[in-house]
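Heads up, the thing below is written out as structure tokens.
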Amino acid sequence: MSLRGATTAVIRRELQLFAQRKSDWANPLMFFLIVCSLFPFAVGSESEKLKLIGIGVIFVGALLAAMLSLPKLFDEDARDGSLELMLASPEPLAALILARVAALSLALGIALSAVTPVFALFYALPFDVAAMLSLNVLMAVPTLLLVGSIAAALLVSARGGAILTAVLVLPLTIPTLIFGAGAALKVLYGESPAAELALQAAFMLLALALCPLAAAAALKISTD
Amino acid sequence: MGGIQGARSVMRLVVEKLAAERGGRAVFADLSFVVEAGTLLRVSGANGAGKTTLLRILAGLAAAADGNAAWHANDDLVRPAEAACFVGHANAFNDALSVKENLAYAAALSGHNASSQNISLILDAFGMKAMINRSFGTLSQGQRKRCSLARLLLLDSDSASNSNGRGGRAWLLDEPFVALDVDTQAQLATVISAKLVAGGLVIYTSHQAVDIHAANTQEILL
Amino acid sequence: MARTESQSNDKFAGSWFWRYASPAAFFPLAGKLEKLCWALAAVLAAVGLYIGFFVAPTDAQQGEVYRVIFIHVPAAWMTMVIYMAMAFWAATGLVLGTRLSFMMSHALAPTGAIMAVVALVTGSLWGRPTWGTYWVWDARLTSTLILFFLYMGYMALAASFDDKKKGDRASALIALVGAINVPIIYFSVKWWNTLHQGSSVRPGSSSMAATMLTAMMIMTFAFWFYCVAAALHRLRTDIIERERNAAWLRDTLKAASQ
């Protein structure tokens, strides 16, 4: 019962912080917008060309934007000492981390997937492709944040932590990238994206089962 | 459930041949002592002697290089997370959230269900009731310290409300008197005395000698 | 040191594993093994390269270019094997708390990364005449590239901690996370590759004459011994660095120099 109390408290606090600090979700969105609008300048504005790269650009942009939020998971808490409340809690640390990642995924995943169709317009993608892309961003953000929580936990308040987090996490997100963008590509080619969606869901479940445990171990290592 | 019972019982700390390392270098070694309920233990020593490290090990936040520290509640072994409450240098309050939100979060994480009434009652005791909805970042240093003290009492309030003469969780206080004004220092000393009288166990580190009224005191020099 | 020795009191007492889990006991043994592996690697490489370059026939389709497989394929295999070995020692270190296991992991990583680079460079040198371009997003080359990223991440993480003990355990954890992901990444990339382009000729994919296979096998063993020797060398250097203040090391080194 107190486990439920503790995890609820973690989620509530995270959402309160999101409500307090608009920049926590507004900045990743701005970053996403800017990254997506850089590419046409580099490759040219012909809509046929843009249609081909659009899915990839948007998906990578969303992954990068989500990744920028990873230091938020533990760094601020380590600075003000609240992390010790979590570490010293009698409840399992993995559950508390899961609650925190869940709250962040919820806020960030919804925000990023909500704006994805808008960016799809920039790249002349048809509506059904945009919708599929949006759904896959929603599924990819939790996977990325779960995997990323391990690196974020290892690099709590380490110098150069943000860039090293990216180096550690991005290669691990390649399967998510392949199948997330792949599902939208299938829709673009008029094929069924069922296999990609199933695999995408499988990755999320696998990450859900393993990552919080690894992140808890990581946090104990780095704060020891 | 053992944890909840543990929190309301007579605490005892047994430290045997404890050794700690930091960055691969030994900080202290072969440290053995026993602290019984109702005792105030002061840990003193020069900078870098490992005072904070010792407290963190006792709180279960850091691993010992050798030896062990065991918390007993009525002769049952309990986990540090259930036996002790650690207050470090940092306040462990988030600047963007209100005092009340911060306190409720801390209580929930340590397995308590703090009612708003309880929170305002305890804040009142520290003259902080008016600040309950202020965001923590807007408070002065002294007010912040008093908030940390309020959190200590809040986490104890379960056992206090069930007061059967037991002391609740042990307190591990790292330099609690630093940056406190004279009034707050006296207030903290009173709070600690009351905790000891109730059968609690308090371990603190301090550079300066502070007058705390206590029946049983111990001291270790690192 | 005290910890490793005290652990030998439990059920593994007296077994060879714990005896050599202490750096002091393993250091001289590692020295002997290292020399043996260098020698074997040199001999096998000489024989393998001779057969590969002078005895094996010219390939009917690819001409002389194919001979790069005698370097490319063993390097590509080794980079995978070494990652698994690294993860194995990382897991051993995390479970048993033996420092030597972590050091073994650290010693393997640079060799694994070098093998990945060798495989990538030889692969693209082979690709230039065969595919007409230095790089093709072929499934195997791409997986090797990702494996190279994982090695670099592991090494960067290990280096980012001032506290060696922390760095040991942190990098061990990331090695394990990587090891779980390697097969997922491998199959994802394969899927992606078949989806986006038809399969192309790959190094070593055509049917091979017996002498070619012999040369490749010999070269694989040569690479294997080279990797073990290089890792042991790095391990001994690491032991010397970490134990520079220990009395046993001074005695061992003095005895060796006499």
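Here are a few things to note about the model shown:
A, B and C label the chains in the order they appear, each numbered from 1.
Heads up, the rule we're going with is that contacts are C-beta pairs under 8 Å (C-beta built on N, C-alpha and C of every residue); 3 or more make two chains touch, one makes a residue touch a chain.
As the structure is a computational prediction, the values presented were derived from the model and not from experiment.
With contact taken as defined at the outset, chain A and chain C are each touched by B. Which two chains touch most often is answered by the contact tally, and the pair is A-B.
Of all chains, the one whose mean C-alpha position sits at the greatest distance from that of chain C is B.
Central chain by Cα centroid: A, whose mean Cα position is closest to the mean of all protein Cα atoms. Averaged Cα coordinates give chain A a centre that lies 32 Å from the centre of chain C. A straight line joining the Cα centres of chain A and chain B is 37 Å long. Annotation: 49 Å between the Cα-based centres of chain B and chain C.
Counting partner chains per residue, chain B shows two or more touched chains at no residue at all.
Residue positions 224 of chain A each touch two or more of the other chains.
On the chain A side of its complex with chain B, the touching residues are 2, 5-6, 8-10, 12-13, 16-17, 20-21, 76-77, 79-82, 84-91, 96, 223-224.
Per the touch definition, chain C reaches chain A in the complex via residues 146, 149-150, 152-153, 156-157, 160-161, 166, 169-170, 173-174, 176-178, 180-181, 184-185, 188-189, 191-192, 195.
Only residues 2-3, 162-165 of chain C touch chain B when the two sit together in their complex. Listing the residues of chain B that touch chain A in their complex gives 3, 59-63, 79-82, 84-86, 88-97, 101, 104-106, 108-113, 135.
Residue ranges on chain B touching chain C, taken from their complex, read 21-24, 65-66.
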